[in-house]
Amino acid sequence: MSSDFALVSVDELVARIPDGAVLAMPPDYSLSPAAAVRALIRRGAARLSLLGVPISGYCADLLIGAGAVGAITTSAVSLGEYGLAPRFTAAVKAGTIKVDDATCPCVHTALQAAEKGVPFMPLRGVIGSDLLRHRPDWKVVDNPFGNDDPILLVPAISPDYALFHAPMVDRAGNVWVGRRREVATLAHAARTVLVTAERLYDGTMLEDERLAPGCIGAVYINAAALAPKGAWPLGCLDLYDPDEAHLALYARAARDETGFRGYLDAHVLGAA
Amino acid sequence: MSSDFALVSVDELVARIPDGAVLAMPPDYSLSPAAAVRALIRRGAARLSLLGVPISGYCADLLIGAGAVGAITTSAVSLGEYGLAPRFTAAVKAGTIKVDDATCPCVHTALQAAEKGVPFMPLRGVIGSDLLRHRPDWKVVDNPFGNDDPILLVPAISPDYALFHAPMVDRAGNVWVGRRREVATLAHAARTVLVTAERLYDGTMLEDERLAPGCIGAVYINAAALAPKGAWPLGCLDLYDPDEAHLALYARAARDETGFRGYLDAHVLGAA
Amino acid sequence: MSDPAGQPIAPEERLIAAIAALIAEPCDHPVRHAAVGAASPIPAAACMLRQHEGHAMRLSLLQSRRANPFTEGGRELFDLAGQGRIDLFFLGGGQIDGAANINLVGTGTYPQVEARFPGSFGSAYMYFAVPRTILFREEHSRRVLVEKVDFISAPGTSPANVWRRGTPQALVTGRCVFDFVASRARFVLRSLHPGVSAADIVRETGFGFDIPADVPVTPEPTPAQLALLRGPVRAAMEVNYPDFCGRVWGRRAA
Amino acid sequence: MSDPAGQPIAPEERLIAAIAALIAEPCDHPVRHAAVGAASPIPAAACMLRQHEGHAMRLSLLQSRRANPFTEGGRELFDLAGQGRIDLFFLGGGQIDGAANINLVGTGTYPQVEARFPGSFGSAYMYFAVPRTILFREEHSRRVLVEKVDFISAPGTSPANVWRRGTPQALVTGRCVFDFVASRARFVLRSLHPGVSAADIVRETGFGFDIPADVPVTPEPTPAQLALLRGPVRAAMEVNYPDFCGRVWGRRAA
């Protein structure tokens, strides 16, 4: 059995993501790749187009604040209980990033369309939302199975890169993500899939009927890097909870540019 | 927390399926509900419309031979390595059942459309197949995102009943099906979901991050019955393999009506 | 557990009871399954209160850290709603207007917004797919309750030919409860929280609405409800909303 | 393991080698990932042989009982193909015609069929989504290889505006190998299995096809290939195809 899968370092992993790429990431509550994002910032990534699957949080705010982002397509950017995403909000005000506003099920649907290899997929709702006025890529057609029944068609999205954190990877490149199947759909839809993992599983996860249901098969995975606590300061399933004190610290520090720079120096650029 | 979920006997389970219902079942290699099918035959079910998800095998052939089936929508009916499905083949020749021929991804797509609550979903391929000439419910439209690019639209299917066998159910009604996610899609799409299970799991499976990814949540499950070896003579994941001798015996016996009646008497009507 | 009697009623407890009363209201769409977002402790508590009052109803807490009901990832909530398996949802808004349009994107002329909110989340879909939506926003001011939202994340009503399972049922704020009359796309004052006058509401509300001749005071939670809230509901809330529980009901003794 | 030398070449081994040669053939679509059905031991062995000959290629055995590569259920194979992640698939047919149309449904006038076959399975999709399809049917007779199939489960070619990633590459039977020329929708005799003449093929084939001036004999498996087949390939095949292994290579000593 052969495969292009490679186990690399976190820095090698993010070196595969070129400036200007479309980079899709899950939200703060779902296997967020914080360690890889710090490495991306350290390597000076620029002009990334982020895709929030389906929303964005700490990782996106960090990249935006670091000047790595030119555009973002997402259904929301928020630090959740820690409030607005301060660097996103500042960048929108300053006009330094382009925002394509979406709504969560449109993002899921667009990725499902890519997963299925179809050019579009229909979705109920959305008609009458101003989102539609600003998304010329979305179309409303008359339901061919209905009668005077307008319905939204969302075009497929195949992100250049998917980046997320997972509890386990095995040497064949199978990745265990548990019930967070949105990263599986993302992996199926993306052209290149890069993963950080808490630990290496010694064996082949697909041979275990109990582990297989939570896996993404190696056929979709291009490279992985081991990164213990790689979601920190965000949580990782039942392995560890979010670091609430740190996230609160970030939310405070990032309120202004100076505070954000201080945060970057202390927690991103200084860390290996 | 409340729920309509009920743990019942296999006979009570199948008593919920009225004559004439649209009944969807997975194929022989995926959690096939053989014990429930035997109970359906014992209760004298009639005029069922079967849906193969996406193909059909031993269970469908048994129901057809027993005279319980008026119509079948499926991508194939086969006993796999044991050859043609003999009672299906005979019924088609005799003109006693209506067959709506499909192709596997059309069935999956139609169930995904119902899962998503949309009236249709597109699918590549199929154009030029004679399947299309005999399925007036399928439509070919010009891809609104393309240019002179015909594409198939498949209407959603919400079967009246989904029936399958699972390794585990818990008291809340969560059902573990492992990597056989086609039965999850089926459960999401169906109006009523009935399950037989090898055993009762003592606890709440959704609280276990290792078990949750293989579960169908209780919100979709209407009733379950415990049925150890409930897939027999078919296999059930890694719990037991198909009973090859018995399936070969069935394939031989069912070649003619007399042999089939003898099989029914010995293995279905006689068994409790 | 200490005896809850004698403790003053917290404003949050009033809001919880008000929402519970809306859930209990007879309707073409009885609530068999409610979904509540991670940042919505008051709606979550209202649903739990109904359950403890004997309402046979399933509650799905989104992004619940423990026993999360979803096993298909982020799309499952939207798929469930699309299947018609969710009867009640809660939405808020940076702006809410008199036609129940909600704005979660920002003020000013999009995309050159003045204040940027997080974004529309799933609102543009859930508002259509779920038969009943209760709008909830504690801040009751002309800043939030505007005549016309600057950006429609999700419309309050739709033309007759547009697929839609339901409409907003009501709007609960820190000062009052409005019913929403979908046929007229207009709010009607339903009840005033204790100490609030109709004139206060007119002054603090940016949109026009109807005021019936006799507007009652929003009912206080009953002693039985308070006992449930401070007992089993609080216990169930601790897992996902520890901060809220501490703020409303005090920190637990270790 | 006993020394394989000296054992006669089995007909199945010839077919495996013939298919392996087709897989190895240079093409716009190199084979990085092949999918093989449960009932196709000969194509599966051909893929494994290529792997052991050093061809860097993934092989997904459908409905494999152990280490099944799919974790999204039955749709994943079709989704994978839709994504362009499968390069090679194998199809057969109750009938195959000269334009590479295949019939898996039945003979006669549908739906009043004379002989009913199992059904189309995924053929009507996979034939379009996968860049290379090798048709394989051991029975080479006018019953199977017909001028025009009675029912097109999946068409061999499509109009230029119909989305299609590829076309059939070849047809391997128990008597010969045909190449398929998609631009002319016609088969060309590529090689004759040992002992078979072009006249035999004309007599036993229901469709017209081109016969080049010089048709070679299908190459025999090399000694190196036989050693691989009877050693590591057989060992890998035992899990999913024990009956086939026993028939072709003899039952294993216990």
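Odds and ends about this structure:
The chains carry the letters A, B, C and D, assigned in the order they are written, with residues numbered from 1 in each.
Here, a contact is a pair of C-beta atoms (placed from the backbone, for glycine too) under 8 Å apart; a residue touches a chain by one contact, two chains touch by 3 or more.
The structure displayed is predicted, hence computed values, not measured ones.
In terms of the stated touch criterion, the partners common to chain B and chain D are A, listed by label. Taking B-C and A-C together, the chain pair joined by more C-beta contacts is A-C.
In this assembly, the C-alpha centroid of chain C lies 60 Å from the C-alpha centroid of chain D. Taking each chain's centre as the average of its CA atoms, chain A and chain B sit 36 Å apart.
For this pair, chain B with chain C, the centres built from the Cα atoms lie 40 Å apart.
Look at where the CA atoms of chain A average out and do the same for chain C: the two points lie 29 Å apart.
Residue positions 112, 116-118, 123-124, 149, 151, 179, 181, 184, 212-214 of chain A each touch two or more of the other chains. Residues of chain C in contact with two or more other chains: 68, 70-72, 78, 82, 129.
Chain pairs that touch one another: A-B, A-C, A-D, B-C, B-D. Per the touch definition, chain A reaches chain D in the complex via residues 1-3, 114-118, 184, 188-189, 204, 206-207, 212-217, 219-220. Those residues of chain A lying in contact with chain C across their complex are 26-27, 29-30, 53-55, 74-78, 80-81, 84-85, 88-89, 92-93, 95, 99, 101-106, 108, 112, 123-131, 134, 148-151, 179-185, 235, 241.
On the chain B side of its complex with chain A, the touching residues are 109, 112, 116-124, 139, 141, 143-146, 149, 151, 153, 155, 177-179, 181, 209-214, 237-238. On the chain C side of its complex with chain A, the touching residues are 38-39, 63, 65, 68, 70-76, 78, 82, 104-106, 110-113, 116-129, 151-155, 158-159, 161-164, 243.
Residues 33, 51, 56-60, 66-72, 78-85, 129 of chain C touch chain B in their complex.
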